[in-house]
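I've put the structures underneath this note.
First chain A sits with chain B, and in the next complex the same chain sits with chain C.
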Partner chain A sequence: MSPEIIFDPYTKLYSEASSLMRSSAVRELMSVIGREDVISFGGGLPFTGALPPEDINDVMRSVMEKGMAEAFQYGETEGRDELKRELAVIMGQEGIDADPEHVLVTTGSQQALDLLARILIDSGDDIIIEGPTYLGALAAFRPAGPHMRTIHLDTEGLPVADLERVLDEWSGPAPKFVYVVPNFHNPAGVTMSPERRERLLEVAEERDLLIIEDNPYGLLRFEGKSVPPMASSGSRHVVYLGTLSKIVSPGIRIGWAYGPPPIIDRLATLKQGADLCSSTLNQMFAEEYIRLGYWEKNLDVLKRVYLSRRNAMLSALEKNFPEGSRWTRPEGGLFIWVTLPEFLDTEKMLPLAINQKVAYVPGTAFYADGTGANQMRLNFSYADEELIAEGIKRLGKVIRKEIELYHSLGLDKG
Partner chain B sequence: MKARIAVLMGGRSLERSISLKSGKRIARALTERGYDVLELDVDETLVPTLMSEKPDLVYIALHGKGGEDGTIQELLEILDIPYTGPGLLPSIIGFNKVLSKELFIANGIPTPRYFTISSATLEEMGASNLLPTAWEKLGSPLVVKPAAQGSALGVKIVRELDDLGGALIEALSYDDRVLLEEHVAGTEIAVSVIGDSEPEALPAVEVVPESGFFDFDARYTPGKTEYFIPARLDNSVAAEASRLALEAHKLLRCKDLSRVDMIVRDGQPLVLELNISPGMTETSLLPLAAEAAGMHFADLVERLVRLALPAD
Partner chain C sequence: MSPEIIFDPYTKLYSEASSLMRSSAVRELMSVIGREDVISFGGGLPFTGALPPEDINDVMRSVMEKGMAEAFQYGETEGRDELKRELAVIMGQEGIDADPEHVLVTTGSQQALDLLARILIDSGDDIIIEGPTYLGALAAFRPAGPHMRTIHLDTEGLPVADLERVLDEWSGPAPKFVYVVPNFHNPAGVTMSPERRERLLEVAEERDLLIIEDNPYGLLRFEGKSVPPMASSGSRHVVYLGTLSKIVSPGIRIGWAYGPPPIIDRLATLKQGADLCSSTLNQMFAEEYIRLGYWEKNLDVLKRVYLSRRNAMLSALEKNFPEGSRWTRPEGGLFIWVTLPEFLDTEKMLPLAINQKVAYVPGTAFYADGTGANQMRLNFSYADEELIAEGIKRLGKVIRKEIELYHSLGLDKG
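And now, the complex of A and B:
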């Protein structure tokens, strides 16, 4: 008998796509951040503590009165008409004149990303992403096996001129789409300027390029003037993704895709095989919650809370982070993106930070091209002002200590 | 009436999630065997909870700092609660690779050559100037590891002198002292030792990581490492490995349990380290070795409990 031990007898059955997943030391480290004594800027958790229980009870009661049997039944794959109408109202707040018929309700906008990857990407196809970009998008696209071309962001979001340059030099089949998060980018915190949005729409028109516009944070603007989403142009080159995760609750898993009917139809066909329909109960909760007007009340609370927390973080960064660091100043959303002196490596520094009871997400996680080692994402929506001040103070100390170490090894020349 | 056992797991160590896996698996096995089990994720309420719950025994399923370095063992000594594992002294020594290697060397137990360097000597004494000398003396490639850290976190094989600084930075993020150790190319094995007055060595487990390096990913991603039990060694080499494991176990005054990690070069096992709280997950080495010796997981856990419980 061979002495070899086989832990997982199914190894031979797994697809290539699933073999791309692995245990990571960073994930292991992050398991500590759930602990109360660690101040975590690592998650992307919205502040659900703001939801008033009496409002929720009210909505639930209304759902049950309207139709309990219905709430516990399957629903249409495309989503409930009543909800789609409410989602169109929400899109209307940002200037999109949406036809509810062209909305597909999804189980979080994450599902929309997964479905889009599957209807658009064949292994080896090219797509264009921002650098940095949303982690969940990388996770959704990766199993489809695309080549991901990265365009690096600046303070005004995606530099469309860079994109055009890349497209000018393009050889081979055209990219399947460009994926952008134009408002209060996760993780970069930046917002794409109106001029660039217009130009990107023109480029899409000129070159027949599909834009995936992911907008989870647009309504969380607590400062400055809002910029209309590209979808408000009515362009047939935009697939727009929305979600209730950041304005109502991530736990109800309600998101949506809105765009050209042929694409929406194809997504719906695929969704049928994925989960038949998104939770009817949650859809009914969402439509009542929106219809009764609670969402706007909650949104006002969130914006007030987040503004104050962002301010706390900005002033703590100013006070505690060493020279040579810079960070974004988001006018909404949940994240600040920090760039440290070139020579630092935030992934290597993470255990040191966690030992000092503070956590963040290292920058490399948000890139597909291996860059971002000296960057980190800080979430300001979850910890309160006092904890933010203390946590950033701790992090500042960790960074200074790390710089000293680089200096003593002669590695601080960048 | 079977004993009341508190299983300590989790905590704030960097190996928290591995410890939770070990701990839950142990708790399930003990519950199956009819013990009255209390699962405790270690936090600031630990001592008051232990004082009020008064367990007959604490099962330490913690890994890493706090749980494996003598800290928790000291508390349990004060509380006068018996606990599993090899005891206080071996915990303090075993978790510190510098102390244990020096003891091995002083007592003729072969171990790879090494130097140690601390962040203080780098920052205050200009120790970085020594790196090329250390590199030359140990030969390349060499292994950089934190002096006190488990699960191979922060461990790197360095093949170019230029990469040494980066590896030091990473290792020093886990502990303020690091080892530069000669890299030994050979067969990696782990020998677990169990027993009280007459400890016995279990069959050696051989690990063959796909990447050639038994790092964190290789340890905890199923399929990334092949395991062989017993290790594919000549009988004489296997016997020498067992003898060295028992010697290291006794040298550090271990009782009940330890796992000695070694690497075999040209038929000669070299001791890398002694673990006092070996992993107990589905893919961990001690449970594998026990299984090969005819001991199912629950048998193993119960045996460790019986060893630790005071005789009636």
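And now, the complex of A and C:
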């Protein structure tokens, strides 16, 4: 890798994607699309450019006043009590009446996924995932060696009837859990309907199934009416994952798991061996940032920025993408999911796109069942409106050219 | 747990110990010794009280100037290039000519232990550990399900001849690695001699054995002549682990692994699923703290403080501990290791000590082979000289009383 790529914060997310992709050619391509001259819709980076320096300085001052020696010392594995209380306040905003004692602070919610996989999955166990699903969840689950059964999403999220059909036909040991991202799905952009959430909770009760409800984007709703998380039901069949990465900052690596005490306890024991504790300095930063009310101020800014960027992307897609393509219209979050005509292959098309200095993540990276070849994930949170317009224009051209080529070769007949 | 215990930074380290101890009575006891009125030699907390606020503020200012949006954003899984260069400088101080490209930044070196266990150990594999060994290493290795073969330490560290005897008699698949803490061992306080390091390197080459060299304390030498780490040989049989926890701050959770690229690459892939990346804010804090030279200034302070506290503990031990006890005389680091008369049991004695408001970690916690009943670990980095004198006096009384009891019952004849 050339030095400018190492410096680029995009790179991580591309290598994240690339480690899951089979073709080494694509993997190499992925490593170059972090370059500054490429308009990238590939990452999952929130917009951190709006954090007011004076707010940050104020929070830092407050942390130092609270206790500098403490901030730079080890903390409890479970997380700071003060922070857990603030996280319960945040969960309260989504309708969860959370007991701070049942919260485990993790090093980003990614760590919670990793720890959950390790306590719940023995090699060869079955788990149920959405298709498409979060890339990082695949990366967290895979080392534990599960068989992953995919239920394909539609515009209302996980079709619970499909899940029930799969469970009806189930033979062998029951699946260890079903993993869902109900709000503004990454990558699919869809939100699970209230009816389906209720039904999934019933199914979980009826069949003693554990739900992992991953909710990084729930508070980033910039349109429509919010839907309570399944964890707000108080069901003992839900482990809820939250994170400050998308509403405060990913650079402080603060996430959490909230759920039944026996699970939280086992996660805490494993976390002890995994990293002893999450950063005390960052935990104190987070608790002061939340306590002083800056998080709500920042959230308002983010929602405004993301709505405007989503709109810019939707209208650019409308203008530039060929007939036969369709995309989701997320009411929050960071991602739009595009489905192109069936004969196209977004993995093969990526080099052409990068040649035109625009990037995305090909759909196959988000599936464990090999589907998604004609799909792509577009991120709208990081590039500004002007870059979005230009990038989607470039991408539209690449797709049209590819379609023309297929036409001329007679390869567009599926 | 009562609220004041949750607030106490000691607690983590006690629960760390307790999770490895079998007796649930002891486990409960461990949870109460974080109380403020107990003089605790049980933790492994470095002294963070000497960090000058103006230095910290200066570093924070420098981080914000360098790039606030960057500090609060995701970073590369492998760690920031700038930080890796600074970590290479630190390794250089111990004689390692490190290529920053082969460094993986981890969330404390604890994470490196966890990731190493996961890539190297399949359930049932053999590994070789020292006896006693670092508690956190046991916690990191155990979930992977290894058979742990213990080589008991003497005053010059790992007796390599004993290791060779064990390897000569080995049957079955070769051990996956040997794990050593060569400098100011936690808990044993001993340092591995240069001759043994050289011989261990030869043995590793001859038998294709991997050495995990864990060196959290190497730069905390306050007496005697420093001994180069085995990693300074450039051997491909060494994975070296470093951390800023003991020389800068544990609260920022910055450690690292340095070693052969194929191992570092596999660790990085697994780290991606484990937490995506370590905190960018903390990494930038660390790189500025090191770059601006504050770390050397702080290291000088720490060495002065620890030397004085070690001396206070040694003279208090001399004055208060009964005949038949012996202890190590560490030339650096944080711990003294005490061996009491054989008939004593430090786990059984702990409740009596806590009654007298003094605490330690019983020896058995540091072994995988059930030995260590008459041993204890004493930390001298956290309590000041006055508290050390008072605490060791209390502890001496407890031990003498226990010996008297055994005498009177005729139980002191081994």
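In this section, the second predicted complex is superposed on the first by the 390 of 414 C-alpha atoms of A that agree within 3 Å, B and C clash if a C-alpha of one lies under 4 Å from a C-alpha of the other, contacts with A are read in each partner's own complex, and residues count from 1 in each chain.
As a convention for this text, a contact is a pair of C-beta atoms (placed from the backbone, for glycine too) under 8 Å apart; a residue touches a chain by one contact, two chains touch by 3 or more.
Predicted model only: the values in this text are computed from it and were never measured.
Peer 1: After lining up the shared chain so the two structures overlap, which partner does A:E169 touch, if you call chain B first and chain C second: first, second, both or neither?
Peer 2: neither
Peer 1: Touching A:E404 in the superposition: chain B (first), chain C (second), both, neither?
Peer 2: first
Peer 1: Kindly classify A:R253 by the partners it touches after superposition: chain B alone (first), chain C alone (second), both, or neither?
Peer 2: In the superposition, A:R253 touches chain C alone.
Peer 1: Please tell me which partner, chain B or chain C, touches more residues of chain A.
Peer 2: Counting residues of chain A touched by each partner, the higher count goes to C.
Peer 1: Go through the superposed model and pick first if A:Q110 touches only chain B, second if only chain C, both, or neither.
Peer 2: Second partner only.
Peer 1: For A:V38, is the partner it touches chain B (first), chain C (second), both, or none of the two (neither)?
Peer 2: It touches chain B, and chain C stays clear.
Peer 1: Once chain A of both complexes is superposed, is A:P53 in touch with chain B (first), chain C (second), both, or neither?
Peer 2: In the superposition, A:P53 contacts chain C only.
Peer 1: Where does A:L352 make contact in the superposed view: on chain B (first), on chain C (second), on both, or on neither?
Peer 2: After superposing on A, A:L352 lies in contact with chain B but is clear of chain C.
Peer 1: Touching chain B in one complex and chain C in the other: list those residues of chain A.
Peer 2: Touching chain B and chain C on chain A: residues 3, 7, 11.
Peer 1: What residues on chain A touch chain B, complex-wise?
Peer 2: For chain A paired with chain B, touching residues are 3-5, 7-8, 11, 22-25, 28-29, 31-32, 35-38, 345, 348-352, 354-355, 357, 402, 404-406, 408-411.
Peer 1: Residue numbers of chain C touching chain A in their complex, please.
Peer 2: Against chain A, chain C makes touches at 3, 6-7, 9, 11-13, 15-16, 19, 45-46, 48-49, 51, 53, 56-57, 60, 64, 68-77, 81, 107-108, 110-111, 113-114, 118, 136, 139-140, 142-143, 245, 249-253, 269-270, 272-282, 285.
Peer 1: Which bits of chain B are touching chain A when the two form their complex?
Peer 2: So the residues of chain B touching chain A come out as 12-18, 20, 43-44, 119, 122-123, 126-128, 151, 153-154, 165-166, 168-170, 172-174, 215-217, 219-224, 226-232, 282-283, 288.
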